[in-house]
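Following are the structures in question.
The two complexes that follow have subunit A in common; it is paired with subunit B in the first and with subunit C in the second.
Presenting the complex of A and B:
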């Protein structure tokens, strides 16, 4: 029985991976055309790019460091999307949560362990509340969650921007930089490497992935939310309390989102700087990873690392070969594009099948 | 069917990208050919001081932002002169700064120049960790770190000159003055403060409208904002929106108000409404830095440069322009502003200290 089971598992992994892999190969091929147009040898460029993102320890650590917030954002996105709530406000929830955590870390007195704990919890609470806002609007007034979550991103960014520009601005130096003061040494996450900035934030990201797998596979809530995502009428018929599921899902999504930015501040930047979470596009890269991996937690974990590696490698080829940074962006976008081609095919195939089933009764 | 569709999609995409790539290709390969070309042509004199050294400029996306293209031009020229390899690293976001600066140190760079305030915090962190590995410089911002040479500017001096020019150009036809800036931060405050002081020194009744594009490269938004300010009665709108200024010029052409540019001489024979440009000579700044680095006089001490040092100025006042001067400005008016320049140089007019925005009454 065992070999057949192993074979089945291998088949399962292959089916899960073949689409992203094919998309990656196509993306790299298109990238090769662009590199050729720049007058460089794609093979050399790709070797340099992957050497300086995955196959040298120093750069691998950079990749993992950059992947940390992306992984967590992907999880936050996946948490909501798999339940059918199109939360594209992960960025806003991350900014709100992170800002709350940073302020708590800066202004609450006490021993580091206590302050640290309080600030992380404050961050998660703020992120969760901010995510509940669109959920409540949707529940009470049927406002489209896509629009509210998206728009609340700007609200969060601009509010945080106001605070770091005026009341909470760090005035050391010439005071030109829009950022808060640095958090105390005792609150910072431990570095796991002596040469790079790789820090314990990555372990937090890994823990979030495990938590996500646990919730989706082993809990009643995970099942209920997934049912809601598949078919909300069925879920309602089956007796799930949809409002409750929606509230918990969105709150969890927001709380997870806040961890992404908090890990970045406590592990890497040690302060909140204006635009640090929006200009980096962590939330959107996370969303991309979630889509590519089809919302599978383990898949999102690896795809996030891969996308982060593309960004790190993209900077590396710019430094050593003078290739413009946009090349890496083009490859990344092509991969997403090819994955979305898959989505469209699925959609059309599903539609065809449905129409077949209907037998053309309704034109 | 499915396969053919996928294949044709890929093909179309590849071809269209190749077409776009063709346009780009001249730039990166041109920039790339420079280091090797530079050392080839210098083969005769083989002992250049910078042989085998690497100097990096780390900055925002360059595009057509003259503040940054001038830095790159200076770096390219000095690279040919001293024989070092120049590395230009554009950072798409805030986190990329630290990644890139760290990696540059690990890859053995000799001097890292941060081109803008966003490089400040990452330079601070990395330089403290690797104080011996590399020399560090930061342009246009100042941080509390004795390892990083910070060069800041007294932009308020140039803005003061532009303010005076603005008031003379308008000649009392309106008392509302506009300005389109990038961000409402303390960086822009230095410009706004100098501009307002300059205008008010001639037109005490003046009131001001300022708007912000929240981007360094948004001509469309800058144009919209300029038109709105014109509708509010502005006869002069100061362009300080980096690469967005071209939108302000366009609006000036359409609506017939006067304007001024930023960083390099933006006056043009085709657009008589651009009366001046507030200069911030980043070309000279980078050149001075590199000269100092190879001249043996390098110290990480901070400096601030203004009108007296020639890095800050205004077109038609401190610097001549190949384009004709607007007929709204008379020789006497220019002479009056030039007298102010002399006062700045002699120290009679000291604009080093800028009051905090909160304490300033409009």
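Presenting the complex of A and C:
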């Protein structure tokens, strides 16, 4: 019986991987057409791109460093979406939380361990509160969370931009850059590699993934929130307090989002610079990763690394071959579109089969 | 506050309203047939790009506007096929198209013109600025309507035409019936899916015109991601206007006013803070109007969220 079981498992893994793999191939094919349009050879470009994202230690570290905020953003997105709350305000929650954490790190006196702890907690609290705002408006006034979370992104970005441009701007140095002062040495995350910027932030991202798996698979809350997303009347019938679940889900989502940017500041940049979290599209890339992986935590982890590899490779070929790094965005969006289309075909095929079966039963 | 100052606010309000109103009408027709289209941003941005690209290459205003409308409609067609015909998840299609167009336009800008981020050239031809002969000399009104383009007037005409079509014609009633109850409409022989797809393409064309108004209105240039969330503001405006063309005019004017005040106040209050005004106003307005107009209806239209 054992061989058949192994076969079954292999079949399961194949079925799980089939779709993302097909989507990735399709995305890379579209990318190849675009590269051809640029007058370059897709094979050489892709070899260069993957060499300079996964297959050289230095670039692999860069990929993992960039993946850190993307992984965390994917988890923040997944946390809310799997419960049926379309939170597209991860960027705003990340900016608010990160900014709060940075300000706390800069202005609270005391020993590094204390200040560090307070900063991270302050960041998570700010992110959670910023995510609770749309949840409360949805609960009290039935305002669409899609719109409010999105609008709050622009509000957070502009207000943070105001603070780093005027009151909290670092005036040391040439004073031209729109950024805060650097946080103290004792607060910075440990570097994990002597040659690159790869740092302990990645471990935080990995811990968030494990936490996410634990919450979704092992806790009552994880079950209740998923049921709410799956079928809200059923969840209510089962005795779930939906408002409570919504509040906790959104608060968690916002708190996780804050970690993405805080890890970036404390591990990599050591200060908050204007637009550092929005111009890099971390939140949107995380959202893409979440969609491609169909909100599965482990899947989101690997897809995030793959997408950030595309981006690192994209900027490498922009430097060496002059192809704009937006090629990475194009490939990534085509992958997502293809994943969604695949889902659709599966759905329509399944429906056709069911109808066939029904017809057969009648006859 | 003297009258000249107020007139200048009215002027910048009218200019800011045009792209939002056109896109909001696009959002409204989608909502009316029960399609939740969040690719408005993509439909606008692609039009910003292609109108300026054609403008730069041909120097023809007419062709540029046509290119804007056509490219917007093309993105609308993608939404229609994937989301309406094949029923892919609206959020997935919308977000990936929005990002795809954002990256794609930047990429094409480099591919076609070798430029990064901005296409701004003295060669670009702008839409004719209209200064109406008699009104020009009336003190307040003259300033308020100074240098508007044809699109700044046309958008209101389109709103009225849409209202007449939807609420005063048989075909319009059929269209509305699809949004109210798709299966009932189908049972009466209405080709519901085809109507939905047609409306999504129309929404693309309207957003395309809106994008053109943005890139060839107040300024004539293309910059990376120049719509900066206007597609989403338009969605809010349509939802505030209960997807009724004439009410959407009012709600769009309100959002235009928020932007106009921001422009007018930028010397008094730092621009980063005034820039938040339209976004905060969107949320506040949605809260204020949520009870009226039935929260449940609005909720249904935005995908139950």
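Convention: the second predicted complex is superposed on the first by the 333 of 363 C-alpha atoms of A that agree within 3 Å, B and C clash if a C-alpha of one lies under 4 Å from a C-alpha of the other, contacts with A are read in each partner's own complex, and residues count from 1 in each chain.
Throughout what follows, contacts are C-beta pairs under 8 Å (C-beta built on N, C-alpha and C of every residue); 3 or more make two chains touch, one makes a residue touch a chain.
Keep in mind the model is a prediction, meaning the values are calculated, not measured.
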{"item": "Overlay on subunit A: subunit C relative to subunit B, clash or fit", "value": "clash"}
{"item": "Partner chain in contact with A:165 - subunit B first, subunit C second, else both or neither", "value": "both"}
{"item": "First, second, both or neither for A:320, with subunit B first and subunit C second", "value": "first"}
{"item": "First (subunit B), second (subunit C), both or neither touched by A:179", "value": "first"}
{"item": "Touched partner set for A:38, first subunit B, second subunit C, both or neither", "value": "both"}
{"item": "Which superposed partner A:330 touches (first subunit B, second subunit C, both, neither)", "value": "both"}
{"item": "Touching partner for A:341 - first (subunit B), second (subunit C), both, neither", "value": "both"}
{"item": "Touched partner set for A:288, first subunit B, second subunit C, both or neither", "value": "second"}
{"item": "Touching partner for A:58 - first (subunit B), second (subunit C), both, neither", "value": "first"}
{"item": "Clash with subunit B (superposed arrangement) - responsible stretch of subunit C out of 218-226, 236-244, 254-262 or 290-298", "value": "218-226"}
{"item": "Intersection of subunit A interface sets (partners subunit B, subunit C)", "value": "34, 37-38, 165, 281, 324, 326, 329-330, 334, 337, 341, 345"}
{"item": "Contact set on subunit B toward subunit A in their complex", "value": "2, 6, 9-10, 13-14, 17-18, 21-22, 24-25, 27-29, 31-32, 56, 61, 87-96, 98-100, 102-104, 106-107, 117-118, 120-121, 141-144, 150, 152, 184-187"}
{"item": "Touch list for subunit A against partner subunit C, complex", "value": "34, 37-38, 84-86, 88, 137-138, 141-148, 150-155, 158-159, 161-162, 165-166, 281, 284, 287-288, 291, 324, 326-330, 332-334, 336-337, 339-341, 343-345, 347-348"}
{"item": "Residues of subunit C that touch subunit A when the two form their complex", "value": "38, 82, 86-89, 91-93, 95-97, 99-100, 102-104, 106-107, 110-111, 116, 228-229, 232-233, 235-236, 239, 270, 272-273, 275-276, 279-280, 282-283, 286-287, 290-291, 295-296, 298-299, 302-303, 305"}
{"item": "Of subunit A, residues touching subunit B in the complex", "value": "26, 29-30, 33-34, 36-40, 52, 58-59, 62, 66, 165, 172-179, 195-197, 264, 268-269, 271, 273, 275-276, 279-281, 311-312, 315-316, 318-326, 329-330, 334, 337-338, 341, 345"}
